[in-house]
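Lettered A, B, C, D, E and F in written order, each chain numbered from 1.
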Amino acid sequence: MNISAIKSGASINATFLVGEAKIAEAKNGNEYLRAILRDKTGDSILAFYFSAPPEILAMNFTGKTVDITAKVDEYQGSVNLKLNSIHPAVEQWDVTDSLPKAEAPVGEMLGELDEYVTGIEDPEVAAVIRAVLEDPVVAGNLERWPAAKSRHHAVVGGLLQHTLELLKLADVVCDLYPEIDRDLLVAGCIVHDIGKIIELGVGAGFQYTAEGVMVGHIVLGDEMVARACCAVDCSTETTMRLRHMVLSHHGEKEWGAPVVPSTAEAMALHHLDQVSSQVRQAINAVERSAKRPDQSGAGSWDRQWSRNWFVGKRGRDGSADSD
Amino acid sequence: MNISAIKSGASINATFLVGEAKIAEAKNGNEYLRAILRDKTGDSILAFYFSAPPEILAMNFTGKTVDITAKVDEYQGSVNLKLNSIHPAVEQWDVTDSLPKAEAPVGEMLGELDEYVTGIEDPEVAAVIRAVLEDPVVAGNLERWPAAKSRHHAVVGGLLQHTLELLKLADVVCDLYPEIDRDLLVAGCIVHDIGKIIELGVGAGFQYTAEGVMVGHIVLGDEMVARACCAVDCSTETTMRLRHMVLSHHGEKEWGAPVVPSTAEAMALHHLDQVSSQVRQAINAVERSAKRPDQSGAGSWDRQWSRNWFVGKRGRDGSADSD
Amino acid sequence: MNISAIKSGASINATFLVGEAKIAEAKNGNEYLRAILRDKTGDSILAFYFSAPPEILAMNFTGKTVDITAKVDEYQGSVNLKLNSIHPAVEQWDVTDSLPKAEAPVGEMLGELDEYVTGIEDPEVAAVIRAVLEDPVVAGNLERWPAAKSRHHAVVGGLLQHTLELLKLADVVCDLYPEIDRDLLVAGCIVHDIGKIIELGVGAGFQYTAEGVMVGHIVLGDEMVARACCAVDCSTETTMRLRHMVLSHHGEKEWGAPVVPSTAEAMALHHLDQVSSQVRQAINAVERSAKRPDQSGAGSWDRQWSRNWFVGKRGRDGSADSD
Amino acid sequence: MNISAIKSGASINATFLVGEAKIAEAKNGNEYLRAILRDKTGDSILAFYFSAPPEILAMNFTGKTVDITAKVDEYQGSVNLKLNSIHPAVEQWDVTDSLPKAEAPVGEMLGELDEYVTGIEDPEVAAVIRAVLEDPVVAGNLERWPAAKSRHHAVVGGLLQHTLELLKLADVVCDLYPEIDRDLLVAGCIVHDIGKIIELGVGAGFQYTAEGVMVGHIVLGDEMVARACCAVDCSTETTMRLRHMVLSHHGEKEWGAPVVPSTAEAMALHHLDQVSSQVRQAINAVERSAKRPDQSGAGSWDRQWSRNWFVGKRGRDGSADSD
Amino acid sequence: MNISAIKSGASINATFLVGEAKIAEAKNGNEYLRAILRDKTGDSILAFYFSAPPEILAMNFTGKTVDITAKVDEYQGSVNLKLNSIHPAVEQWDVTDSLPKAEAPVGEMLGELDEYVTGIEDPEVAAVIRAVLEDPVVAGNLERWPAAKSRHHAVVGGLLQHTLELLKLADVVCDLYPEIDRDLLVAGCIVHDIGKIIELGVGAGFQYTAEGVMVGHIVLGDEMVARACCAVDCSTETTMRLRHMVLSHHGEKEWGAPVVPSTAEAMALHHLDQVSSQVRQAINAVERSAKRPDQSGAGSWDRQWSRNWFVGKRGRDGSADSD
Amino acid sequence: MNISAIKSGASINATFLVGEAKIAEAKNGNEYLRAILRDKTGDSILAFYFSAPPEILAMNFTGKTVDITAKVDEYQGSVNLKLNSIHPAVEQWDVTDSLPKAEAPVGEMLGELDEYVTGIEDPEVAAVIRAVLEDPVVAGNLERWPAAKSRHHAVVGGLLQHTLELLKLADVVCDLYPEIDRDLLVAGCIVHDIGKIIELGVGAGFQYTAEGVMVGHIVLGDEMVARACCAVDCSTETTMRLRHMVLSHHGEKEWGAPVVPSTAEAMALHHLDQVSSQVRQAINAVERSAKRPDQSGAGSWDRQWSRNWFVGKRGRDGSADSD
């Protein structure tokens, strides 16, 4: 059963994958089960089991496929489930099948990436990038990984999608500024977030790994690039320029960059990364606000961003109001 | 005589326009004249008149075309002039003839801009933009104005060049994110810095005007857009969306935005503005560093940016070193 | 029934206006109604309807006058209502009747303001201020508007009250510093927050409008002043000085001022605004703390202000302790 | 001879007091004497002795009264002296005679202060304030001290002048906000900067003392108040309230306040201090800018304040331009 | 009964001291009692009384010794109590008996401190320190006080323990840097937090006092040192150096230091204080995280510190994993 | 000739090493040579050649040993040289011979370090540290390198000296906090700044290398540790813990740490690094201030540290004043 087909008020009987389950405590002292359930399309729904028997509370459902019965509830426009039963299903799904996925097909995105790699003219830059992409940690994973835990492009294939967005913006930047070394900027776009493959884990959801907390994707990515440079015997200067782009792509020290951009390509990479991540997040935030607009049209306060997002009519049906 | 033809050690006899002249005092207590001289190509050279007679010190040469005789000196790789005489020339040049100019021809840039205007599909957005461009303050000036006093695109035609850079980046952004309203983003790119036409004055150089200091280009530009919206009877929502892009394009309050971006188009506009202005500045800064590299290759400290810019060999001859 | 007459433990039967109603969800998954009720004096009380029937949860009570029955509860010294029934009243009140109001009578405050306007000696400054006050957006609204959504002077007439506080402080400033141009400072005080009339909406409570979020009261107020200057053909310099005071009155860019104070009058205006808003907020915060003092006399932590407010005995009965 | 009578180009022969003298080195390696000379009115002028004989360079002229001969020079609108000779004068002046002084007569200011002290109704607050003013460190010094080394009210009597400005603003604040305890706020204004009498030294100029650097005026003033409270056996709560006002009057920790304002009186005191110090500084800065306006009317950049101060015509002759 | 002996699932009948009790409200509108109970070892456990009768809710249990009956619950690895009854015990304990205590015996710690005092060679520094330690506020309290309300060394004897940690680190600093004046640094370590004895109150728990909020431990401690210096007639310079260490030990103004370190000893003191307080807090935070590790080994997010603390295996059993 | 033997007023004839030479321009437009000269003890003196002939100005003396003749000048208590001639010496010195050196003999410091290495009990931690120390980049260089370009421990052997200071402080920390893993903290101290060996170059002075600017010592050091861990097949957890200490040792992101301390050992390492670097800098700054005290005893303003350093009498002769 697809989550999008669930209607408020119905009683259902279905199979889902548990993205994350935990025990919470109600104000009255009772414990209950709170779980995120996913269908095979990547859609998710929140479920509560308020009078769960002790043997249920004692189980760890995270990552399990389960058969459930539930009543469908609605709260401020979004539906959730009040569970009556939950049991491990006979047939367990592949956990990543149920994660949300990038819209473009993986094969198509890999094809686009390949064109950019092929377009790199400098043989040593090309060799480094091929070595990174053939690294056993990367090959086969790049197309599955998200670009972030939850903020932006947090979908299977999100890292590849985010990378391609940077590459397409880089094409224009290289046209506008002939002083920019196209091979370096293209290479920087491809590898800038490659450390995310180690920083984040993909299971029934996306989580930080111990390496992610202790080393971080910037240094993990730099390490992968440095290893590739070494493997293909890349010159010192090109090695430094490639590593520098990875290390400085957050732009400012307070945003986690151990060094700040010291080349035009590194500066460009940082700002293209901002365009891709910030515009994507703004689009998502406006969409979330559109689901709960207040009467004044001023949107509701978004604590994370310290602002109201504006929805209006134009944002919903594409046509401006005609007052 | 073109400044690029001046050779160290020569004695010259030439006509230039004085960009800015002032009286300075040497440590020994003597006053001398210090002037920036420009030729008709926009090139400039620094000139000193160390034992200037009192009647010369009493004159205001700024904006004047002058005949000079001088000895050409060289200091750390750049030439300057030690004046022996300076007199107003018989024939005075048009001051803007001697200002640095954008590389692309004005006509070509205006043509490109016109295509973007023509491409706006929403009739009321198109009407607003046309009204702004036909505003007497804008028409005839847009193609002459710089985008900043000195930081980036500080050339005749720089505002138009900067605007076109944003528009070309916006094309990709609209392709990548179909949720973005292309008409609004294109309109925002065109008008985001339009207030610079009032904020800055173009004379023998670029200076802030009193309006620039007291009101600032963000509010001055918003006012021009609001007036145009009013003139073409634009709907309330579209008016707000257009004004909001101008008002929020600096992105954060501490960078001078009275409101922060609350729509996806405003967020995109801010980051595209960053790409255009920051990449251009980084390229300029690396070029300046390349003229005075230190022996370690680490570049010299840039106080304004709090960093060393990296030059290297790749930055100079396009080929990496082969160590 | 006046809210101040409600006693803990009583059962009541009364008519109130609903300032704001929303559906909340208890930890046990049940939905309940949470509403702010107001009487005709502007006092408010919090009310909960825990087992509200579905038809009640489906209604939008905000701004409605309602008949209710309830049990009066007390929690940590403040009373609230547990509703047993709620129904729209036959006779609906004017929503603003129930909003909190400034203490001084409106007529008296308008009279005081008028004296300040009459006292402006420079004819063009006087003309601009009269034009602003006669603007259809302002006339009839100035005396009703609050100075903020909730922080300070958030009462009907609060904007006028706040304005008069600045004017009285300005009198002393002008006496102390003869260099200050009294006409300009008086004018600045009158118009500095005039944009609040568009930024905020007055309904069953005070909310931000879409214009407030997208343009903000600083630019909205500047626009009203600029329009008035234009209408009375005010000189360029005086126009700039008046607009500059509005635009810079938040004092620093990170506090939302698009330009920082560049004249002595603008600097004075900013700091007088601080006195009025901060002292008022401190008085309110100490009063709130006085209702829940801890045993040590150290007050309780105020998260918004990151401090404990001190209450003591002197703060309560006007006499110091005699230990 | 009064400095205001000195004309450019003249040769003079006069007696002045040396505010501060030091040896500087010209770029050519020569040492010269650089001194600030004061007349008896508090006016000062800069003097250079470029070919001073070694015995002159070896002397310490600071604080000495000297006979000089000099040529009067002019540079960018302000005159300075090129010394030909300098010798200790037979009759040495009292150094403070030559310091700049507050405009109002000391006796008048002390009278005004006395009225405020007399107006304090609470007997223990009055006793504390009288004890502070009779402290041997304060009595006889308060009327001579400046309120700061150079930023604002840096004149003999400046501390008293600054204190009276706060008191007059406090009158209005107490009228506006009856919740404010007038006795406490008046007392706070009187003692808030009393520690400056120890922090700063008054000699041939104003300097920081060792206590000023090591303890600071905030804690030094608190100590004087605490001692007075102890001497008059003031109650614990009133003592805390008085000390708290001194300790928190800088308003924020990053501005040097060891505790932030926790009472309404402390909050008011902080903001009144801001009005007095900031408005005075703005007036001074605009006056300095008025002496060197640029052609655009935009003023010249003030590095300390990170802004251009606007001068205009209204700022100079009291009448707006009539364009 | 010792809290460490309580087992999940059991029913108990025991006597504890109530550290802090308050009435909370469940989402369903019911009020319940929430209390921190302590045994005589200083261990504490959270207890809830969900259906407490009105007469219980009306009582103030804080600081009382109580007899309780309860069911032991477990939630995410930590036990808590669901109370069935609570009554004041016949025999009331001394409240400090139940507070957590430093591990080292008080006598031993006092002995160590005494050795440091005896080791001060400069007679006037030694006299000041002895005077501070014999101050009636200090003598008999120093060994009982905590070093903070909750952040670090928040145990009976914690202030002494924290002081000794600084002293032992100071020994090494003095060995490493012979330029450091050992007597001053030792004295600074002993008195740096002495104001905590007034800032914090020790009752059934640790709370801020009114003096703590209004004056703060930095100024309170400085006052005690200044009084001692005065009493023993200490020279001006040594007095300033000792007071300066107390006043500047928070290192930066934004961390509450009214003056920043201006001597090498003050700089050393600040950083030794950081070592002691930060390392202790990090150890505590890792221990707390170890109780609720997530599956990835990345620890759980600590909002106060804005980071995940890493636990791993080495942190738990002393041996690294052998993968 | 040793620089310490140079007397003001003398004419000398000597051989020195040029640490850094550059061409400067006097205000009168003349170019001159400015050089830092070093003797074999590491002492340095500033030298000027004001009328240097063109062939001298055209030479690059940096790193050369030169024979000079000069007049000794004195300026504000420090001597400098006015050169009359400068020529490359026949015998060129080893450039590092003339750099300032750590006080303790290198052999002694290496011996102390070796004891710490030997004291590491965990075999895999010990193996990693030995591998780092035997890395060809490190072996033979560690004892020669400075710990910083100029801020602290900027002497030959400074890195080793700084490392030993941390280790000695770590001994106390391990005694005070048994929860700290001694092997890890000792290892962290040894390797925390090991990347400085690549970040800085040691020639005629200390400069940043290109790798230093582009990658930075934090990541360069992490890379060396990661390589060593890999070489000795260290477990994943220990590898992460060691790398994490290097990566987080600057403590906060804005200070350049790509990750913040997430283990108690990393937190300790950061603060011990602060003690060593800050106390050393404070001692140096007070010593510099002692050479130019002002009359008030308040020291002179140190722009880099935004404070006055206090000198006093105790700071100079070890005895307090007896006023």
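Please note the rule applied: a residue touches a chain if its C-beta (ideal position, glycine included) is under 8 Å from a C-beta of that chain, and two chains touch if they have at least 3 such contacts.
Treat the numbers as computed from the prediction; the structure is a model and nothing was measured.
Considering every other chain in turn, the ones in contact with both chain A and chain F prove to be B, E. Superposing chain C on chain F by their CA atoms means rotating through 180 degrees, a value rounded to the nearest 5. The pairing of chain B with chain F is characterised as different-residue: of all residue numbers used at this interface, under half are used by both copies. On a Cα centroid basis, the chain most remote from chain A in this structure is D.
In this assembly, the C-alpha centroid of chain A lies 39 Å from the C-alpha centroid of chain B.
As a whole-number value, the distance joining the C-alpha centres of chain B and chain C reads 44 Å. Averaging C-alpha coordinates per chain places the centre of chain A 59 Å away from that of chain D. Residue numbers of chain B whose C-beta contacts span two or more other chains: 26-28, 210, 213-214, 237, 240-241, 244, 262, 299, 308, 310, 312. Residue ranges of chain F in contact with chain B, taken from their complex: 23, 25-29, 31, 62, 201, 207-210, 212-214. Residues 26-28, 30, 48, 50, 73, 75-76, 82, 294-299, 308, 310, 312 of chain E are the ones that touch chain A when the two sit in their complex.
Chain contact summary for the complex, chain E toward chain F: residues 122, 124, 165, 168-169, 171-173, 175-177, 179-181, 235-238, 240-241, 244, 260-264, 267-268, 271-272, 274-276, 278-280, 282-283, 286-287, 299, 306-310, 312-315, 318, 320-323. Residues 210-211, 213-216, 218-219, 222-223, 226, 237, 240-241, 243-244, 247, 253-259, 262 of chain F touch chain A in their complex.
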